[in-house]
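Here you go, one structure.
To keep things simple, chains are lettered A, B, C and D as they appear, and every chain counts its residues starting from 1.
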């Protein structure tokens, strides 16, 4: 199918490439033009503006945060005013539930469709088209865009017709992962201070009990204290936890683990760890228990 | 090999049966005699007292809590005074790190060996000889008892020569599981209040992302709110979290997630959930967010 | 002196009256006109618009939240465009540190002065001109407005020239009070469940040890469970704690008590207590401990 | 009146002196005999053993912790076996609610009276006979001992006939103070990182708003970071918070602020602050926010 793609960062770029590989026709736009040109040499058409990327009536976006998405949608020459009536906006970004709701309402008022389609997976998963895509929006729009939604991942989950539901789902998922990091961090600090090797503990718990690759992978990073290079920076982790807490507040559902992770990530930033991998929240736990790293 | 076995509750009974099945010769003792008699009809010898169960020079114990173990070891006619010099006490109970240390020292002073060998797994796993056994103690003693330690589980992890290390390991493992329950509870409350089906969320997160049977199993209990019958009662969960916190205090390693789980389990007990499965900590999260169950 | 006053709610109205009583000349504006007319009959001049209230070159504002203040300052016909060069905007509202900073910068760019002057005290204190006023801004502007700043309270604290500092100060103060409420709530729950009368406890602790009227007053509300009528609604308390947490995030200073109060206030709202006095956070503690109220 | 006094540490010694000053006749015992001899030269009779201190049928005790009190009461030659039928044991120590209950029951079984009479106040207050004494026990026993209970403090609060109630009261009071320290610590960290002087904040909040000497005194220690010499050591503060949490667990009343203070005190100990004043919990907050002290 034909669609535009806006936002060619560490996640967006490989997602766009996989759309091309799957035979789709892309008009790409990126604020830093060089990244768009690289895609053009792989077969995409260069869009000179976000508006130009909306040309086909379908546009996917993958941006860093609420502010970027808000500007792109509502700003001058933004998607809302550029997309045709009946057009579809697919938003892959991890954004707040409240912004998703505002965007959904605005598109509806403009006679357009909005699909919130956040993704699970790190850049490596994006490259391998192994993302898990959680989509919510009008069934008719999702069906029309299914080929594109399926081209970027290994699994497409359709949640229903209310876009913010997909964002809540994504945030709840990130919260589970953050909780795992924090609880690994706390348990490893206990073990280290008790003279027990965390690597053995991890091997047993992840290998025979949790049997989970994500436990194993993150556990190895933490046991080996390999927080650089960052797969996902701690300061971005804080952003996500902030969005979880905002969603929790909207829903009047207290999430005390999220609150304490937020405080620990904040402490990490205060101690200079903002650019480490967010699993360095385990280092915050170690420092609090008097360990030096 | 020949050994005694004291404590034939929900876990101890199937463990003893598996020792018999593996061809070991058992002298069994249980405070409630009927349970020991049942084992006798399966081939065990009935011991009339804890002291009698120590006859062979090797005795395994599986009791409910610190108080029970402390009484059995240090009391009149207890293991310490009944076991021969050079004898081995294998303790499978989930007890505090500090009690494990005291017992280890006492056995050493009596010229005896102490193996702390706590196990992971619910009663079903005990029945199927699928426990994971974490053992620490003098290498010589562990080697001597290896046939018994291997007969009850699918995996034996030997941690080293310091018995309390095994107890710390076990408690840290239980903490990871408790953390998972609490974080599932918080995320499900958010999802329910946001109109997203937790069962779908669970299927995606546990099935394609965490890929972990334990996430899946507990998640299903929570999503379906099937807290009865209890696999492991909430009030026992509180006991374990209390032991985690005591270990954390001994090691000067703060564990804030453990603290908040403790508070939530306490709230569960205050609200009449003490005999539900400990995954009902998720119900505490639901109630706090204004849901009725 | 001559000044405008915008925002005649439960706090703003008595503040404006006290300015009149002190002999100042006021142009008052309120969105709901009736409240401004009441002031006019007490001697104020009615302003037909926010812009008209800026006429004298000095304007004080007392609004409910960030959104209201942001709209009033930056909106069409807002203060920024209505105030003369060299004019002064005194902001008494409890707003976020980040909005205060944005407003300060905007006024500076327009050649105007900005004084952040949040106040401590409930409506009764406002009526009695017993507020504590925390002011920060250019010394020259504060000196010019000192008569107005002193007319509304019993104490004026001048913090320095950086307006956001006054907002941080105010939020930190509200946090101390919120902490007191939460800790009273937790201790009263413990006492009630232990069969000890909280009123006696309060009398001893507040009377002979803390010797603090604020402990005594709030303690009595909590001991007597008189959460209605609300002096300050729980949902507004949540707003303030949210601002504290935002300030803490800006400053990279984790505030775990603020996080847990936020979660408890949220739970209060989820359980229908949003319109009770914010000291009802103590009822949240009581419910969690299994008490019925 | 005639009574024995056991435990002449930093608190017990000045309490005993004030009993002498008030004209009471004392038999004193202390494990380290030199401290008892000092009292003897002030008019007390030296008791050669705890049993000897029970001679008159009334004995007051002021010891460091549960273990010491338990040993003194239940041990060989302990109070239980030394006190006459109808005798009275007044326990001033800060001990757990559960130990108080056990002691109360044991004394009753021996036909003796037990008064739990914990005190509020630092050593200076003990010297000045300015303690606040919280007493619970049989009315008849309290009336008999009233002269002694009143001689050591400025206020005697009689709570009723159930001794553990007085211990719960004392622990709840210490919790309020600990909460104040933690919340001052968090707010000061926010202020310091925001460039606002905590001393000014303290002056305003404690002086004009809380109007509380305890806020002022502890606030000054924290603002000035004068954690040495310790008035009350951080590691003893942890002991008290542990007792609060144990009481909370007995009563099934979650106290999340107590939990987080416990974690922070633990972190303080892990970072070498165990012998500083317990207000150094504020330093833990400062370190977490990236400040160096």
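Throughout what follows, contacts are C-beta pairs under 8 Å (C-beta built on N, C-alpha and C of every residue); 3 or more make two chains touch, one makes a residue touch a chain.
Just so it is clear, the structure is predicted and the values come from calculations on it, not from any experiment.
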Point to revise | Centroid-based (C-alpha) most distant chain relative to chain C | key: B
Study note, to complete from the structure: Across the interface between the identical copies chain C and chain D, with over half of residue numbers shared counting as same and under half as different, the residues used are same
Study note, to complete from the structure: CA centroids of chain A and chain C: separation to the nearest Å works out as 37
Exercise for review: Mind checking the centre-to-centre distance between chain C and chain D? Centres are C-alpha means, answer in whole Å.
Suggested key: 38
Revision key, fill the gap. Each of the following residues of chain B touches two or more other chains, namely 193, 248, 252-256, 260, 264, 266-267, 270, 288-290
Check your understanding: Which bits of chain C are touching chain D when the two form their complex?
Key -> 97, 120, 132, 134, 154-155, 157, 159, 162, 164-165, 168-169, 172-173, 175-176, 179-180, 182-184, 186-187, 189-191, 193-196, 200-201, 204-205, 208-215, 244, 247-248, 250-258, 260, 264, 285, 288-290
Revision key, fill the gap. The residues of chain A that touch chain D in their complex are 193, 256, 266-267, 270-272, 288-290
**Study point:** Residues on chain A engaged by chain C in the complex (per definition of touch)
**Key:** 238, 242, 248-249, 252-256, 259-260, 262-264, 266-267, 269-270
